[in-house]
Amino acid sequence: MSDTTPLLRLDGIRKNFGAIEALKGISFDIGRGEVVALLGDNGAGKSTLVKIISGGQEPSAGRMIYEGREVSFSSPAEAKAAGIETVYQDLSLCTNVDVVANFFMGREIVKRYFGIPVLQEKEMEAATAKAISDAGTRIPSLRTNVEHLSGGQRQAIELNRFVHWGGKLVLLDEPFAALGVEQTRRGLEMIKKIAAQGIGVVIITHIMAQAFQVADRIVVIRQGIVAGDVRADDTTADKVVRMITGEALRPSPATPAEAR
Amino acid sequence: QEKGTIYYLVPTLLDEFQTGSVSAIEKFMGDVGYKTVTLNADNKTDVQQGQMNDVIALKPSAIVLAAVDFNALKPQIEAARAAGIPVMEFDRQITSTPSDLTSVAGTVEIGHVAAGEIERLLKEKNGSVKGKVLQVLGDPGDPYTLDIQKGFEEKMKAFPDVTIISKPAMQWEASNAGSIVSDQLLANPDIDLVFVHAAHLAVAAVASMEAAGKKPGDVLLVSSNGAPVGLDLIRKGWEQVEVEQPLFAQAAALAMFADKVVNKQEIKPGKYEVLGLDGEVTIETWGPNIKLPGAAITKGNVDDPKFWGNMKTPESKVTPVP
Amino acid sequence: MISTRHRAVIEFVLDHLVWFILIAVVALFSFTVPSYFQIGIFANIVEQSTFVATLAIGLSLLIIAGYMDLSVESVMALAAMVIGILFAKSGVGLGLTLTPAWLIVPVSLAIALAVGAVVGASNAFFVVRLKMNAFIVTLAAYIWGRGLVVALSGGRSAQELPAELRFLAIERFLSVPLIAWVSIAATLAFAFILNKTPFGRHLLLVGGNATAAYRAGIRVDRLTATTFVLAGAIAGLAGWLLAIRTSGATANLGVGMLFQTFAAVVIGGVSLKGGVGSLTGVYAGVLLLASIQTAINLMGMPAHFTQLIQGGMVLVAVLLDTVKIAIRKKLA
Amino acid sequence: MISTRHRAVIEFVLDHLVWFILIAVVALFSFTVPSYFQIGIFANIVEQSTFVATLAIGLSLLIIAGYMDLSVESVMALAAMVIGILFAKSGVGLGLTLTPAWLIVPVSLAIALAVGAVVGASNAFFVVRLKMNAFIVTLAAYIWGRGLVVALSGGRSAQELPAELRFLAIERFLSVPLIAWVSIAATLAFAFILNKTPFGRHLLLVGGNATAAYRAGIRVDRLTATTFVLAGAIAGLAGWLLAIRTSGATANLGVGMLFQTFAAVVIGGVSLKGGVGSLTGVYAGVLLLASIQTAINLMGMPAHFTQLIQGGMVLVAVLLDTVKIAIRKKLA
Amino acid sequence: MSDTTPLLRLDGIRKNFGAIEALKGISFDIGRGEVVALLGDNGAGKSTLVKIISGGQEPSAGRMIYEGREVSFSSPAEAKAAGIETVYQDLSLCTNVDVVANFFMGREIVKRYFGIPVLQEKEMEAATAKAISDAGTRIPSLRTNVEHLSGGQRQAIELNRFVHWGGKLVLLDEPFAALGVEQTRRGLEMIKKIAAQGIGVVIITHIMAQAFQVADRIVVIRQGIVAGDVRADDTTADKVVRMITGEALRPSPATPAEAR
């Protein structure tokens, strides 16, 4: 499961949006089978980093070394092909089609008749039903359009469809934000299971408890730079919160520092 | 070309008469020493209004106008003439304001000629002037088609045994005409004759007749404007009569008087021979007007090279009227 | 409470409401408009629907994927004129012949499809590669496409296609000419593609949320380009059919059909916002418009009033659609 | 890295790119097309833009709010024809006179606005009250509106409006006729409304996310209805101006302007998806199209090729717009 | 601050979507100055209930008694006029306009010139800046369109704009789901402050800790019915979780019950 080269190495990743510097040089590694919790304040740059890794945005500068080779994905399709699966913070569902169509988006099961690929709806529905129920989510009908589903039901689709496809690296951007208690518990378990298979996992969350429950390492981003990169065993929730808000950087302030 | 430039404002190039007029006017004006530049308004009145304004700014020797809308160009005609640029009107008569010369076949007259021919055809077919006629108009907002309708129906009033059904082909579009013909052949299987207001509409009308199982001559067909396809249809027996608009003569007449118009000399009323046709100049409230009656083209005379539809542009040069 | 079975029936009707509106409208005309109720007239409605129905396939696919194509009408005219110029015997037609003569069917069809596909590819290039707005690109193609028709034909008509092609407009199966069957077959084929193949599924996904589809690894650009080319080729097919029906082509052939096509597509239930629509619904929309036009052709009213009546009828027909909302509310 | 100041300049140019494209295009034509570079021609461009520019105001407002209005062209024609019939002295005109004579200016304007507002209100009724699709409703109005023009006039024209009205087309201020100034003033007034008043702000919000706006307590229905009525009234204004320029009205007056208006609106930067656009940009789009048309008028090329050229030029002009993407990328 | 009649009484609220019964008769009260945590599994019907109270959806059956009078709001505008402010789970922002325009959506500050209302951008910007910074959120420029903001930045706009307007009852549907640690802390404090002013608050969350930190009462919805309505002091997180998942209803199951 382990290996000397990391699964992914980020080296000086920068990203500007016009005058705004969202990322100012991010470097850290993700190992095979390792769960990295990526923490940070709102607007710190976490989602931007995820989009860069998953091929949705180009970095303004910096290198990514994936499985020992420098890569630059020019589309999510390429990153996917390289084994990188992503769950986005702003849900990536098509609300105009049903649960099954969303679950198999871009990876539909087909059977060929005279060379023509024909969708296998029954098979896809069965697979979707199993995944959703394993996740502890209840959806009245898998044939309703996603626009009619609750926030948590939507997130369950998004979170669980990636498991179906394995991959080598999984990026989860606040995947439990809308999930219920039980669903979150199962989600965290699932993360442990995939990591155990040697898959690298990056999980973004604002809930310390979740981070400490699954993470091997904690990386904190503050205003576009890495403000901390520690083993989860070596730190505490309080310390991490201070890294996030930046308090730790100042000598004991009188009032809690405002993130300004 | 040495004498200056004349602008020809053509309303559209989507039908054969208009296309033919471009080459005819360019040729005949060339004969008498003028260069012609043509602007196409694409059937849009406001575009043509703008073209007039632009052309006025160019100060040409004269403007030849075939108006999209018969009367909408009045202010621009006035503006051109006020700027000292003479305006000649081609094919579409504008009576609401004076111009320097108008050359027309007469749309109402086309209706009259068609009525005469249809009277004959019905009598030959039914023994007397009776029966059912389907009249396919052009666009119902186009006065050109309304005037033909007016002339036609005025004459046909004399024959109460003739039923006329009139339907418009929106935007002069051929397949609209085709649909009308196929629907009407079912609703009124006893239609004796179809009268379409332009030859390109006859193309689709014939296709519909053929699809309805008709043979040439089963349903008589009359059309107006004398375009090449119309003459072809006569040769094949699908069509009996084209009422021609004497395109060549209409264009040549303008060229014959071009010098007079450009130099603001008087045009005298009277009879003038234009390419072998008898034209008559009258002085109307809207100025000098030359009318060149359209002839009926039938199987008997269809090959006569004088018809513009045979596309044999007269070789002899037009000469200016002294 | 309504029984499940009952509810299913109502849902079915609501989902196919255009068809039921069509039936209602045709029934009404059959009772009120003299000569309307006869096989021949119904066959005419189907025949007249041929071209708009064909154009509507490509346009629907593009709109479902979240794009627009204003060029289809001109592409159709261009294809028709090219066929007219090459194969018609009089007018501007060159009257080319092939041996054996029936070869003209596949050859002319291939040419028409190719003409359409080329314009579609040009649209795709500007939209997908240069990221230009599809509305503007296809509007430009609408203008230059018609311009090319005029330039090629010199504004003149081509007339008399050979009998080997014309039989498609003359021969009938179940009273309906073969050209109409071609468009019905094309509609069904693409309805299948839209509903049952990954390509169709991806169109819906891209039209619903292009970002989500892109993130899911769907190659959105390739899909879009393909669809533009397809829409062009299908417009070429429409042009081929129109030339066959007209037995040639005129410079203004098909003017105004773009509007009818858009109307049919929207009446048929395709959302201009993308992501929603079915081709069978669109076909019903086309038939609905043609039924109204035919009623007007038969009604014997003064020519001046036809447009007024037509506008009113379109409104009333679609008004029926609003009962949908009321019923759905009741259902809840 | 680019300096902040530098960046601000570039951002400004990009935000007003249509204007810069317009300047580039006009400069190019001035150098290459004989007689293009003169006050009279520029004044003509502005004058010819009057009607499309006016129509584009109402259409833009509706599109920004997320709707569509295909009826504006017909509404304009209807208003023009009503004015023509009432006040023109010959043709189908009744030649009504008022004392004092100048009263005709406000009275005819009020009538034109009212005609437009009534059609707009009818559209609003169907769209807002009956929840019908705006595309279909306004398409129907496009058809019946033109139909009403034909029916009222019998397809004929009305000519010769009294001098008290005509002076607006004849008198010039800075070489440009007064009617053009009316449309410029209307554009500026509505640009102000769009940018600086709650009404305009709410249009943008509704167009961006109607649900969010509704939840925020904005009365979306009332806003939509108002905007339809406004768009109608503005189209009435365009009709009034067009009648004055034409000194009457003809049945086919303004045919085809809908397309030009849509083109100008989109070229001017309004997104057909709603929520984005500025009226000054749209005005530049109108001028751009008119400049191209004028260049074609002056170029003296064979008439058969004009449409071909026009389509190509529209494409090329808008192509310039794509450099935007490239530059924005560089900026990042 | 207290009063005998509750601020809002829900009485047998039902909601069907076609064949789906999302709410099957919900009854409970919300008092003035009371904070009610509305808990429940994904798809339980919480958001649906919020939308019904806030005028966005009509109930299929049932009554709402607000300040002692039966009401039925036919639009959010009416509910707002009655003093009910709502923060929705699916964010209600217009991403095509800037932060300020979103913050003042529908309640723009204007000044009249000749009777014409003119937007006062400066004032609105200043007010927005203050509210956002009080909430501990950092937004690079208030003039950027919301489409360019991070998930937490967006939620901060939505959450904080309602405070500006007071009201009598505030409905918060998972308002902290995307917020950072510090921003959540401030949000919870804010809720206490508002409640102290006599405003009723309903807050939906999946995080037990948040619920117990602010709630006076906890109402649990399970599959469209009220499965529990208890004082926060009288219960524990574990008990509440069991109410949510339905375990409590079964006699000690061998395996953890799946919400099916």
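We just call them A, B, C, D and E in the order they show up, numbering each chain from 1.
Note that a contact is a pair of C-beta atoms (placed from the backbone, for glycine too) under 8 Å apart; a residue touches a chain by one contact, two chains touch by 3 or more.
Chains and their UniProt names: A, E = D-xylose transport system ATP-binding protein; C, D = Autoinducer 2 import system permease protein LsrD.
Predicted, not measured: the structure shown is a model, and the values here were computed from it.
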Chains in simultaneous contact with subunit A and subunit D: C, E
Required minimum of steps from subunit C to subunit E, each step between chains that touch: 1
Of B-C and A-C, pair with higher C-beta contact tally: B-C
Whole-Å separation of chain centres (CA-atom averages), subunit A against subunit B: 73
Centroid distance [mean C-alpha coordinates] between subunit E and subunit D, Å: 44
Distance from the mean Cα position of subunit D to that of subunit B, given in whole angstrom: 34
Residues of subunit B whose C-beta touches two or more other chains: 13, 19, 140
Subunit E residues counted as touching two or more neighbouring chains: 17
Where subunit C touches two or more other chains, by residue: 150, 154-155, 304, 306-307
Chains that touch, pairwise: A-C, A-D, A-E, B-C, B-D, C-D, C-E, D-E
Residues of subunit C defined as touching subunit E within the complex: 4, 7, 331-332
Parts of subunit B lying in touch with subunit D, wherever the complex brings them together: 10, 13, 19, 22, 37-40, 42-47, 49-51, 53-55, 57-58, 68-72, 74-75, 96, 139-143, 146
Residues of subunit C that touch subunit A when the two form their complex: 196-198, 201-202, 204-205, 207-209, 211-219, 275-276
Partner subunit D, residues of subunit A touching it in the complex: 16-19, 60
Complex interface listing, subunit E residues touching subunit A: 17, 20, 40-43, 47, 89-90, 133, 136-141, 148-153, 156, 174, 177-184, 206-208, 241, 244-245, 256, 258-260
